[in-house]
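Structure in C-alpha cells, see below.
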Amino acid sequence: MAGSAPPAAIAVPRQTGDASHRSGPRRDVLPAHPQRCTYLGPEGTFTEAALRTLPEAVTHELFPSGSVAAALDAVRNGDAGAALVPVENSVEGAVTATLDELATGRPLTIRREVLLPISFALLVRPGTTLDDVKSVTGHPVAQAQVRRWLARHLPHAEWESAASNAEGARLVRDGRFDCAFAGEFAARLYGLEALVTDINDAGDATTRFVLLERPGRVSPPTGRDKTSVVVWPDRDEPGALLELLREWAVRGVNLLRIESRPTGEGLGRYCFSIDAEGHIGDRPVREALMGLHRITRKIRFLGSYPRADRISSAGDPLRANHEFAKAAAWIARCVEGIGEVTD
Amino acid sequence: MAGSAPPAAIAVPRQTGDASHRSGPRRDVLPAHPQRCTYLGPEGTFTEAALRTLPEAVTHELFPSGSVAAALDAVRNGDAGAALVPVENSVEGAVTATLDELATGRPLTIRREVLLPISFALLVRPGTTLDDVKSVTGHPVAQAQVRRWLARHLPHAEWESAASNAEGARLVRDGRFDCAFAGEFAARLYGLEALVTDINDAGDATTRFVLLERPGRVSPPTGRDKTSVVVWPDRDEPGALLELLREWAVRGVNLLRIESRPTGEGLGRYCFSIDAEGHIGDRPVREALMGLHRITRKIRFLGSYPRADRISSAGDPLRANHEFAKAAAWIARCVEGIGEVTD
Amino acid sequence: MAGSAPPAAIAVPRQTGDASHRSGPRRDVLPAHPQRCTYLGPEGTFTEAALRTLPEAVTHELFPSGSVAAALDAVRNGDAGAALVPVENSVEGAVTATLDELATGRPLTIRREVLLPISFALLVRPGTTLDDVKSVTGHPVAQAQVRRWLARHLPHAEWESAASNAEGARLVRDGRFDCAFAGEFAARLYGLEALVTDINDAGDATTRFVLLERPGRVSPPTGRDKTSVVVWPDRDEPGALLELLREWAVRGVNLLRIESRPTGEGLGRYCFSIDAEGHIGDRPVREALMGLHRITRKIRFLGSYPRADRISSAGDPLRANHEFAKAAAWIARCVEGIGEVTD
Amino acid sequence: MAGSAPPAAIAVPRQTGDASHRSGPRRDVLPAHPQRCTYLGPEGTFTEAALRTLPEAVTHELFPSGSVAAALDAVRNGDAGAALVPVENSVEGAVTATLDELATGRPLTIRREVLLPISFALLVRPGTTLDDVKSVTGHPVAQAQVRRWLARHLPHAEWESAASNAEGARLVRDGRFDCAFAGEFAARLYGLEALVTDINDAGDATTRFVLLERPGRVSPPTGRDKTSVVVWPDRDEPGALLELLREWAVRGVNLLRIESRPTGEGLGRYCFSIDAEGHIGDRPVREALMGLHRITRKIRFLGSYPRADRISSAGDPLRANHEFAKAAAWIARCVEGIGEVTD
C-alpha cells in the first residue's frame, strides 16, 4: 500500500470569514497587485457590469484589458490579482478565446462565477429619434441577439460591426453612427441616452463570467459548487470521450457543460472543457478527477467554486459524501476482519 | 411485426456516373437555380478558394454571400442550387454560425466536404517593403494564426481587424492599411502583391468546408463516407450525452467530431452536432441513427457524403456491413427454426 | 447496401388457432413421434406434475426418461416430439444439467415454460405416525428445502438420499425407509399416504420447467414473451460480459436471468445462458440478438415463447416495436431527402 | 470533508514470515481449535487430497465433515480453525452448496485457494480384471466426467451412484460393487488397487478449493491476488448487473468469475458471487468495492488471498496502484493550488 498522501487526509480549510488564503502573496511569484482587478474591456462592457456585482468591485482597483488574453496575462504576470472574463453565453455558446486561454499558458484558477442577464439598450446621442436612425453598430454577438428586433423596428438601417459594444457607443458619441446596441449602463459613460431598453430576441439571454486568480488553496466546499477541468484524451479519436464521461457517471457526478476544443494538432484532435457539479473536496468529484487523471494524456484542474445559479443540484453532495464515507469505513472493517459487524 | 418500410429495403441508388438525382428540380419548391452556387464572400476568401477546387466551380455560376446565414438562405429560397461555407478549423474550432444555421431553419443537406490548408500571405501594394509597414489588417481569425509571426517580424505594426481577409485586402488597396493577411490568391484580385507567403503559426492549419444543397436523395455510399447529424437530448442535463455516445459505440461506429451548442433555451441546455464515420446506407450507421431517433427529443440528419481527408477509417464499413448482414441472415434462420444449420 | 434478407421482412406467422407448424413433421429428420412426450422421470416427479398442467398431457402419450440428457436425446432422435425438463428453481438455482444439455449437442427449441409451486408431502405407508418414523429419504434437493422442518419435527430421524423423490417413495413402499419427501401426487402412485403436506422451509419455492422440441418455425409474439439464448464471448475473460449486457441495455431490453457455465475449456472459461424479455419478432430483441451475433464467438438461439409468470413486463413490447418502426421510417425519409417533413 | 477513517490509511500489515495473526485466537468467540482443520469428507476424497498439498496438512489435525455446511459450521462454532471445501470445477461449474453457504450464515473468510487436477482411477478389489466388472459406482460428478470412458471400456457395466467417491470405494471394499471411480490416493485407504488411472473425458479437469477461516485481518497483498465478494443488487432485475460490472470495469479491475445465485426471494431474484483480480489493499480493487457498497443493497466481502493458478494477471497491480497513487498526489496538489507543478 503506497505511502503517498491519502486523498481523504487533504486538509481543505473549513469555510470561515477569513479568506486570506485566497489573496495572500505566493512565494513562487513576484509580489503581485492583489488589490487590482482587471476585466475584458473597454469600460462600459457587460463584463464590467458583471464585475460591479462582486465585492471585489468595491475593494479593488478595476482596470480594463483589451482582450481575454491580455486580461489573463495581467494576472499571470502579477499586474492584477484577478481578472473577470466571459466564458459562456446562453445564445452564442462558449467564449472560445477564454476556454483556449485557460487550457494553455500558465495555469489560472476560477474563484467565482457570475451570471448576468443580457439585454441591450439602443444608445443614441440625446435628441435622436428612431426615425432619424440610418446606421447602427455594436459587437457581432449583439447583432445576433437583436436581429429580429432590428428587422421589425429598423428594417432599413445599415449595420456595421464594432470591436465591442462599448466601442460602438464611443463611435456613436463621435458621430460615426446614429445608434449602438450596448448595455444601458454604457449610456452615461459616453454621454448617450437609451432610446429603447431590454432588447434581446432570445428573451432570457444570460452570460456567464469567471473570476480568475493565480492558483492557490481551493476554497472550502459550500454544498453548492462547481468544478472545472480541461482533459486531453489519451487516444485521439472522440471515442475516448465515452470513457471520460463514464468516469463521472459511475460516481454519480452530474456534468453541467462540456465543450470540445481543437488542440491545434490537426483536424479531429480535441480536448474537452468540462464543468461538473460538486467540489474537489467532495469524495465523488475527487474520485472522478482521479479517474480522469489515470485515463487521460493530460488534465488541468481549473478550480472548484460556488455555483452562481439558483438551479437545484441534481445530486446531493452531502448525501453522496456520506455514502462514500460509509463505503470507506466498511472497507476498513473488511480489512480488519469485522466486515459485517455493523453493516 | 410492423408493416412499416423495412430499413434494409431502402433503395439507395448504386453509385454511377449519373448524378442527375442530386441537382434535379424538386417538386415541392419553386424552380431553383441549380447552375448557381454561392459561397461565404466576399471574393478572394478562403471559401472561394476552396470552392474553386470543386467541379462545381467550372459548371456553375459562382457568387458571394455576405454571411453564412445569407449563403444558406440563398439555397433555401432557390437563389442558388448550392452553397459552400466553412464549418471547422483546426486552430479555431467550429464555425458556430454554420453549425447553428444548419441546426435551425429549413433543413439543408451536406453533399460534399472540402479541406483546405490555410496559410496566409502578407499582401501589400506593389513596392511596399517590410520596413514600410506601420499598420496591418485582416480577419480576427487570421490574427490568431499569425500572432507569433507578427511579434517576430512586425513587432511595432498596429493591428486593426477587418470583416474578412478579402475586405482587409481591399482596404490595403484603398490605402487604409499598409498590409493585410489573406490568401495569396487574393493578391491578383485586389492588385496587390504577396510580400511573404506561407505564414501560419500553427504550421498545418486546415479549414473544412461543406457544400450544402436542399434535401434530396442521399448519394450512394463510397466506402469512405461521413454522416452528420444534430441531436437534441431528451433530458436536459449533459448526462444524456453518455447515452448518445453509447448508441454509436455499441455498433462500432467511430465518431469524428462532436460539438455542444446552446439550444437558446437557457444556460446548460445543449444540442450536439456530430460527425460519424460511415454512410446512412451502412448498416451500423443506420442502426445507430435509429437508436438516436428513439432516445432523443429531436434529431436532424445533415447528410452522408464522401470524406475529403486521406486518414484511413478506424473501421471497415464493408466488413461491418457484412457482419450486420450475416447477423440478419442468422436471425432469419432462427425464426425459421434452422438457426445453426450453417452457423 | 447488401442484398441479404432484411430482418424486418421476416414473415413470423400471425397468431392463429392453427399451430400445426409446431408439431408437423420435418423433412430433414426421420419421421418422429410427435404424439409422444417425455419428461424427467420416474413417474411421480414434480416434472410429471408440471407436465400434467399442459394441454400436451391430454393429447400426447407421456413417458418418463431417466435423466435430462435422456429426455432431450429422445426428442433429438425422434422417440418423442417434446420433452419437459426442469431448468431453474427459486431455492436451488439453475438446473445445470439442463442448461449444459441445451448448450451442446443437436439444437432444441423451447416452446413453452411452466412454473410449478413446490411443496413437499411426507409420504408414509398407511398407518404410520410421526412417532414411528426413524428413517427418512428423498432427493438431496428436497432435503435442502425441508431441513428446518425436519430439525423441528423429526430431529432424530436418519436421512439417506434417494435418486429422485419418486424413487424415495418407492423405497418407502418397499419398506426400506419409514417415510419420504415427495409431491403429494406421488402418494397414490406408490400406495402411500400423505402424513403432512405443504412442507417447504422457503414458503414459496417455485420450479420452472421448459418444453423442448426440435427446431421449427418460431411461434408468433404474444406481447408477453421470453427469449432464451446461450452466448460464448469472443474473448475469454468475464470482462466480455459487460459488452454482452450492453447490447441488451442499449435497446432497452430487460434481462430476466443470466447464468455463467463452464465451457469445458478450463477454469475461468464461461458461456452465458440468458433469458430476456420479449420475442425474436420484437424489433428491440431482434436487434440485440444481431448485436450479440456480431460480438460473440458463438450464439445459440433457444427460442421465443410465452411467459408463464404473471409479473408485468418492465418494458412494453408494443410501444418499443412502435418506436423502432418510427425510427426505421424516419431513416427512409432521410435517405429520400424528406427527413423532417413529418418529424 | 468527512472525518471518517480514510481508506488509504488502512494499515494492512506488511507481508512477513509471521502469520500469527491468521491463526491467533479471537476475543469475540469461544477459544477455538485452530490446530484442527476440517474438510469435505469422507476420507479419501479429492478435497482431502487437495488439503494434503497445503502446509496446514502437516501442522494441523485433520478431520472430515459430512457436508459443506457441516465443514463451515465446524469453523463457525470453533470446532475447527479452518475448513477446505470445493468451490468450482472446470467441468461441472460452481459448487453451489459452497457459494450459498458462504453467502449466508455467520461470515467466513477465504484464506487460500487450491487447484487440483482431477483424474479418476478405477479402483477394484485386488485381483479383479476389467472383464470381471459388472457393476460400477462413484459420485454423480465423477460419472459425468468418465461417461465416454465407460461407454468405450465398460459398455455393459451397471452404474449406481454413491454419496461420494470415497464412499463408493468403501462399497467396493465391502463387496457391494465391482469397482469405483475415485482418486488414486483412495486405493490404499480402502485396501483396493487402481486398475486404470488418469481417467477423465475432459482431459484437463480441475477443481478449485478454498480454505475458510473465521474473519480476521486480511493477509497482505502479494501482487498476485484474488478478491471474492457476494453482492445483492439494489434493484431486482438483472439489469442492475450492468452497473455492478461497470464499477469494476471503470477502474480497470479484471473479473475472473461471476455466478448468479437465487436469493430465495423468488424466481428472478439473484445475488452475484464474484472473483476479481487483485487485493482489497490494491487501490483499484478497494475503490471498486466501495463503489459496489454504494450501489448495492448488500455486499459481503469474502476475502483477498493469493492466486493459486499460474495464469498471468490481465492487469499489473503494482502499476495500477502506482497510477492511483499518482492521481491522489495530483489531487492533493490541485487542492493546494500547485496542480501542474510536477505534472
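Letters A, B, C and D mark the chains as written, and numbering starts fresh at 1 in each.
Definition applied: a residue touches a chain if its C-beta (ideal position, glycine included) is under 8 Å from a C-beta of that chain, and two chains touch if they have at least 3 such contacts.
Predicted, not measured: the structure shown is a model, and the values here were computed from it.
A.B. asks: Between A-D and C-D, name the chain pair that shares the greater number of C-beta pairs in contact.
C.D. replies: When the contacts at A-D and C-D are counted, A-D has more.
A.B. asks: Of all chains present, which has the mean Cα position farthest from that of chain C?
C.D. replies: Result for the farthest chain: A.
A.B. asks: Using the average of all C-alpha atoms in each chain as its centre, how far is it in Å between chain A and chain C?
C.D. replies: 58
A.B. asks: So the centre of each chain is just the mean of its C-alpha atoms; given that, what is the distance between chain C and chain D in Å?
C.D. replies: About 29 Å, centre to centre.
A.B. asks: How many angstrom lie between the centres of chain A and chain D, each centre taken as the mean Cα position?
C.D. replies: The computed centroid separation for chain A versus chain D comes out at 54 Å.
A.B. asks: Of all the residues in chain C, which ones touch at least 2 other chains?
C.D. replies: Expected reply: 246.
A.B. asks: So with touch defined the way it is at the top, what topology do the chains form here? Options are line, ring, star, complete, other.
C.D. replies: Chain contacts: single closed ring, each chain with exactly two partners.
A.B. asks: Using the touch rule from the top, collect the residues of chain B that touch chain C in their complex.
C.D. replies: 1-2, 4-12, 107, 109, 215-218, 221, 246-247, 250-252, 280-281, 283, 286-287, 289-291, 293-294, 298-301, 321-332, 334-340, 343
A.B. asks: Give the list of chain A residues in touch with chain B in this complex.
C.D. replies: Listed in rising order, the residues of chain A that touch chain B are 88-93, 96, 115, 161, 163, 202, 204, 206, 208, 237-239, 241-242, 245-246, 249, 254-262, 264, 266-270, 309, 311, 314.
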